[in-house]
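Shared between the two complexes below is chain A, which pairs with chain B and chain C, respectively.
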Partner chain A sequence: MPAPLDPPEGNWWDEPVNRRETIWLGIAGLWSVGIFGWMSGFTQFGDQNPIGETYDVEPDAYRERVQEYKDAAEETERGLVPPEDSVYVGAMRYNWDALPVVLEAGREYDVHLGAYDVQHGFSIRPEETLSKQINLQVFPGNEWVIPMTFDEPGTYHVICNEFCGQGHRSMHGTLVVEEA
Partner chain B sequence: MLGTLRALFGNEYDAEGYRSCSVTGLDVHRSVEEHVKLFGVTAVVALVVGGSFAFTVATTRWELIGLLEPGDFYTHLSLHAWNLLIFWMVFMEIAVLYVGGPMVLGRRLPLTALAKAGWAVMVAGAVGVNLSIWFTEAPEQAPLLTAYVPLPVSPWFYATAIVFLLGATVAALPFFAAVWKEKRGAATKTLPLVTFGAFVTGVIAVEAILGGIAAFAYALVWRVGLIESVEVGIYRQLYWIVGHGTQQINLLAMVTVWYFLTHVVGGAVVVSEKVSRSAFILYLFFINLGAAHHLLVDPGMSTGWRVWNTSYAFYGAAFASMIHAFAIPAGIEAGRRQRGLGGGLFGWLTSAPWRNPVFSSVVFSVILFGFLGGITGVVMGQMQVNMTWHNTLATVGHFHATVALGTTLTFMGLTLFVVKTMFRREFVSDRLASLVPYAYAGTMSVATLMLMYAGILYGVPRRTAEVVRNIPGTDFSLAAASPLFALFGVFALLAILSGILFVVATVGSLLFGADNSGGDLTDLHAEGGLTPDGGTSVHAVELRGTFVLCLVFMAAFVAAYVLNWYLLTQLWSIGA
Partner chain C sequence: MSELPPTTSLRRWLVTTNHKDVGIMYTITALFFLIFGGVMALLIRLQLWEPGAQILSGLAYNEAVTAHGLVMVFWFLSPLGFGLANYFVPLQIGADDLAFPRLNAVSYWLYVLSGVMFAISFFQGGTLSAGWTMYAPLNVPMYTPSIGSTGAILALAMFVASTTASTVNFLTSIHHSRAEGMGLMDMPMFTWSMLATVWMMLFAFAALLSVAVILLSDRVFGSLYFSATEGGSLLWGHLFWFFGHPEVYIVFFPALGVMLELFQTFSGRRLVGRKWAIIAICLISVQSFLVWMHHMFLTTINLEIKTLMMATTIGISLPFDLLVFALIYTLIKGRIQFTTPFLFALGALLLFILGGITGVFLGAIVLDYEFRGTYWVVAHFHYVMFGGATALFGGIYYWFPKVTGKMYDEFLGKVHFVVFFIGFNAVYFSMFLGWETPRRVFEYDPAFQTFHQIGTIGAFVLGGSFFIMFYNLAKSYLYGEEAGANPWDYTRTAEWAIPSPPPLENWDGRPSYASGKLEFVQDAVADGGHADGHGESHLDEYPYWDKHPSHASIWPFAFSVATLIFMIGLSGVRDSVSLSLGETLATTALSMSNPVYPVFAAVGPILMVWTAVRWGTEDFYAPPTAIAERWPFHGIEKVKLGMWFFLASDVIVFGAFISAAVFIRVNAGWMNWGPITEPLPGLINTFVLLTSSFTVILALVFARRENAKGLLASLGATILLSFTFLGIKAWEWHHEVYDKGVTLTQNPHGDPIQASIYYVTTGLHGFHVVIGVLIAGYLFVRAARGYYREDQRPLEYFGLYWHFVDIVWIFLFPLFYLF
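After this line comes the complex of A and B, so read on.
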């Protein structure tokens, strides 16, 4: 009798497989291929993909880039209004540089993410619906450009979700999305 | 004290050093048994240390109590992670290798000096990691599990972590030597399934360890100033070879123990050698690709690379796990049906030895690992869905389902088994021992689910001392999630209490349990003997119960999958 503690007897490879196990193999196999197909397909037809151009950039150089952007942006009471379609965010201990920012609903922006010191986590959600949240990793040494279009006006809160040091929990910033 | 120790490590052996185990039917050599005990006891010590920090970590995240200041919290969280995920599990896994290799093969443990040296180096490394974390002072930072550069983590931490990994490699060598000796001159002889599983576990362990040494060495040379700068992306890739690799070791060791224990205490048979072994082979080839699922929302990785790797090449490894998900319950069902135990659809299951804590631990582990850990792992491992899980408490919920429920429960069952069959001690209280798996599985499941909800529905981040009730410097907070934390807190405390009960049952039995070496341990024996004699041949048994259970599992899988994708598509448009 087949026991897992004994070497199998005879020609075990050719032993017939139980019918229900065979069916299960079929179901599990189809499901595996199916979810692979969906994930790959979604990169083509889906609207939510963590995909964007990445550039190598020294942390100091990125910081300068953000500064230039800030200088070009219009300062208002509610935050910076970006001069063009690019929005820069600089993650640093323990602050989101260049936030708050004021954006138009329905307009596509290129969100540039990068860090000045250590790794941080860009975790964003609208104030009204906390379950609508996403998280992206932010590196020192890389500038990641992710397009985003915010359809619903409101305040979006950014907190840091990668441990970056003692003040990690206080890292907070906002995006204010306004009706165009 | 010494007398107790000697009594615990002694047993009666014949002139050759062997004794016959009445539960497993194995001829056990003294050298194997002693080392299994050594590594097992050490693992339990690590469990106690890491488990103590579960208390401080959980009561800090439950902000109503808010036990620790942020500075201390990260230190405690690091110690929690390293003692439980690494030391509790890896010491236990070396013991699993020795059981699965030489013990199952009925051989002595070769190279015992290496086994002891490996153990000593591992202990030195583990103590070193604990000290380096405990004595970390600003501006250096607690490493947490990952020690991500360029956070200034103590160089001592990287160095001692490497020492531990080297020790584990040395300790694994006697296992490989035993398999090699078995195969020498008999290359065509097939290894028993459990040994085969242990062997694949060992290979994957070596791969993981090499990656770990590379990652920590890279960070170390940077910290001591031998190189000027360090690339975040490179460190993350190297780190996750071990960070994820150790999880694969946990998985494979656990599955191997599933086959072992369901057989010896549940009378399970192997329904198909071909299918179960193929599943291990799939692991061998594909499971390591999965390390990429930690890098799904990182900059710089191409889409194709992420999609291909996170799917373990068309879900080869997830498919393998679904094979075991069928094969394990099917083994129990077939074995019991062949013996005529329990009729109907689920009679084989309801009539199973549920009072035997070894059996119940393993069965709960199978169910909870699959339903809570496995499903969430595949779902959150889809590149796009990962955006909603990454670094939230939902992730913490996922891996507590896999390691704190799945693997830990299995290892608890194994520990109880070792107490009785190798240390030859009766439990101080059978009722207490029987209660442990129920208490731990039940309470930890709720705590785990609450973590998942807090992460997915409220976006509560992991690795932070506060933010639910208060984010310093702003009015905004995630306070809506507070009720979940009340549930989490209560059940986390109950889970910790259950863990204490486990330690009492184990250590108490070792110290005060009656010596059972005269007896036959009939209460552990599989009903109707270790293997059924006669009965229908395995492939012809009607595996109706298992099939239905698997369909229920698939339904839950599909539901979780659809729900997560639905939530994702409700978001604003993101990405190119």
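After this line comes the complex of A and C, so read on.
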């Protein structure tokens, strides 16, 4: 081992790459490409993503649309029953407008998401396992239309998962999914 | 120039510009902010002891989370790395000091006073409560109205100003002052990773500066950027994360550098694949700017772009894999000494591997739907960032003998590591176990309570472990054994070749690697010439060549205090002053409810200009390194190189402003907007500015010919032309406001945000012109007193700045006046 001030032996700044190193680099590279291909493929073809489409909309105009939807929907004790396949949700400080809503299990709905004021987080969690979740960011000025199907009947909680102010912790709504 | 007082004097620490003193102050201040942010963290953990506990109110909890994030990322992690870098980068490259010692001192003072500003914000009606990402539009005053929220963002802007200064300083030092024979590839690994860090910082922090300035214009002047429904909310996300992702590596790379250094020293083995490790570091620096939208996978961005960002994100894990393999292989091939610093470096590697692998999951869009907003993310980034910082504590132990000359207590050091490592994993691994907890609320499923209670206990253990370190270092500093110049067996970097602690001037003789190993050469420079001609003619022209280097100046401190006064004033000015635009300029009224903030806001800039002028006229001499490796900037003088780096960051600042304007306009529909200004005044102003660029060049030519009248006339013409520009601008704004009714928030002819963009973007340019006028005025007075005949560099470098300001206008003119 050389002392601190001695130069290292030989042409140390330009040593050829060791063969084992090259092999490991190759394996790591292949592994990464494999993982990446799988991830990318799963995103494109795995049919796992609620992708949907986005539209520009003024927050006030969106609020009116939600109001029209609420007027058309049937009011029950458990919540609104949507008139057609479209379900509107309006995020506002500190409330989910048009929730609770009553949905049928197995039926595909177009869920419309939009915010009236600041950014909110639309996080759905089934009641039994408060764990499994899906989480979407809801922006003012955008209307995001996402096709969603609920397989299991039950109650799903919607909480806000982006900081939105003083009452953020109490911003809560429910989706009631019933057997068709 | 004043003499540097001894270390026992308080004045020493206020005036010092020496890189070693500043490094010590940086490190100690960063550790103070570790405690500050740590207290916030403990409050959060107490709140999570049981679901929905109410130790803090909902708003106070949000404030604690926000402050914890901001303090730890900005005021602790980066500055701790920079403390070590301040001390050891100049030593490792064989330089006498950083390139601009006073600029380094001002970096430190702006940093510590920005922290003070942040602390003050708690008492200004509550600090910011929008999370450390400060997502729009929650960050505008309509939703976060407290003065403290503005104060916190002003503190952040002040911090960014400090980092921009140190970025320019480090880039110039490393590219300008490396010892003879030390090529870029020969640099020690810690210096290498700092070089990559500052290159990333140059561009990333410029983006943060512009996004902070835009937000401040929303908060202080009331412009409409981030409340605009034409994409204002997404604009924040893009600009913030364009900074935010490189920032992850900016805080990690100093720690990586320490890790690389310590693995070599304590395995007694050269880093395996050294060249490839350096290539990987460079690749990561570039790639870090291409992945930011993976923080926005659940926004309304379309899937094609998200998939592209997923590809680049996975791509960035490749060079990291290489670095990890290089580190592991170095250990396999070496003989390991399990000292305290090595334990911390090894711990950092283990924690980082766990943090990195859990991050790969988050890089997949599909999994983000499930993971985002949960404690998985919280655990992941703590393992990466705090796990990385673990190596920095190793760095503190490693270099403690060099800084103090005393050896730390090895037993206490190992106890610290064990307690730290157990506490760390208790708090953060329990987050992985209870990962399904939602991240931004303090209510959670009682099933996870055990995990959170383990986490809370772990947090106190982790926090307590640092007091072992503080005790150890304090005790060792007072009573420790003498360490000698080099207590380690296999060090290879230059700082170990000089006494501990190093003398003020660092070297006895000039360090040189020209022969392939470190030697100290005695050059004869007493007669004003120097040993060999490197073709650096400007050094011969320098008139004060044989002066003694200066180490003390009070003006960095004074300037920073002035900045703090200005920032405090700005934070509350909107709440205490109201401006009503009447029908005409004559009826415009300004009413004031509380004079404190406006007085601060008025006094601050005056003091800033005064201290800056005193700074400029002070007789302070930082000698340029005569013989040095400078690739790839050979032949560029030191200050000019610094100027170019600064302008590069300013390009990004304006780039972000112009991108914001284009982004909002595209969202509003590009063709829906026409210019709200008349082209003719803008065209005249274009010619006025271009002419003023020409007169600056004339000034330089006259100065070279030693023609005093010509010099004064052309500088005077530049100032007059700038005033003409500002006059036309004032007329134009007056015309917009009183004839057309277009104000910062109102636009009778279209979207109000268009008016905001016009005023803010041209306003930023106008601000640059005002700064230019101030500098030109300073140069004019100095020129009248007979300066710049021999040394015309200030004129030339002012010219660089001025041409840049003009070029920016060439971009703004079509954007706001023609299309």
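Note that the second predicted complex is superposed on the first by the 162 of 180 C-alpha atoms of A that agree within 3 Å, B and C clash if a C-alpha of one lies under 4 Å from a C-alpha of the other, contacts with A are read in each partner's own complex, and residues count from 1 in each chain.
The definition used in the following text is that contacts are C-beta pairs under 8 Å (C-beta built on N, C-alpha and C of every residue); 3 or more make two chains touch, one makes a residue touch a chain.
Remember, predicted model here, so these are calculated numbers, not experimental data.
**Q** Touching A:10, do we find chain B (first), chain C (second), both, or neither?
**A** In the superposed model, A:10 contacts neither chain B nor chain C.
**Q** Should A:121 be classified as contacting the first partner (chain B), the second (chain C), both, or neither?
**A** both
**Q** Should A:44 be classified as contacting the first partner (chain B), the second (chain C), both, or neither?
**A** second
**Q** For A:24, decide between first (touching chain B), second (touching chain C), both and neither.
**A** both
**Q** Looking at A:150 after the superposition, I want to know if it touches chain B, chain C, both of them or none. Which is it: first, second, both, neither?
**A** After superposition on chain A, A:150 lies in contact with chain B alone.
**Q** Between chain C and chain B, which one touches more residues of chain A when both complexes sit on the common chain A?
**A** B
**Q** One more residue to check, A:133. First (chain B), second (chain C), both or neither?
**A** A:133: touches chain B and chain C.
**Q** Where on chain A do chain B and chain C both make contact?
**A** Touching chain B and chain C on chain A: residues 1-2, 4-8, 12-13, 15, 17-18, 21, 24-25, 28-29, 32, 35-36, 39-40, 42-43, 46, 48-51, 54, 117-119, 121, 123, 125, 130-137, 139-142, 144, 159-170.
**Q** Would you pull the chain C residues touching chain A in the complex into a rising list?
**A** Interface residues on chain C, with respect to chain A: 58-59, 61-62, 65-66, 129-131, 135-138, 143-144, 185-186, 228-234, 268, 270, 272-276, 296, 298-300, 302-303, 307, 310-311, 314-315, 317-318, 321-322, 325, 329, 360, 363-366, 369-370, 372-374, 436, 438-445, 447, 486, 489-493, 496-497, 516-518, 667.
**Q** Please give the residue numbers of chain A that touch chain C in the complex, ascending.
**A** 1-2, 4-8, 12-15, 17-18, 21, 24-25, 28-29, 32, 35-36, 39-40, 42-44, 46, 48-51, 54, 56, 58-59, 93, 117-119, 121, 123, 125, 130-137, 139-142, 144, 159-170
**Q** For chain B, which residues are in contact with chain A within the complex?
**A** That would be residues 24-26, 70-71, 74, 104, 138, 141, 144, 148, 150-151, 189-194, 231-233, 259-260, 263-264, 268-275, 296-300, 303, 307, 311, 314-316, 318-319, 322-323, 326-327, 330-331, 334, 338, 378, 382-384, 386-392, 456-459, 461-467, 471-474, 476, 478, 480-481, 530-533, 538-544, 546-547, 550, 554, 557-558, 561, 565, 567-576 of chain B.
**Q** Using the touch rule from the top, collect the residues of chain A that touch chain B in their complex.
**A** On the chain A side, the touching residues are 1-8, 12-13, 15-21, 23-25, 27-29, 31-33, 35-36, 38-40, 42-43, 46-54, 108, 113, 117-119, 121, 123, 125, 127, 130-144, 146-152, 157, 159-170, 172, 174.
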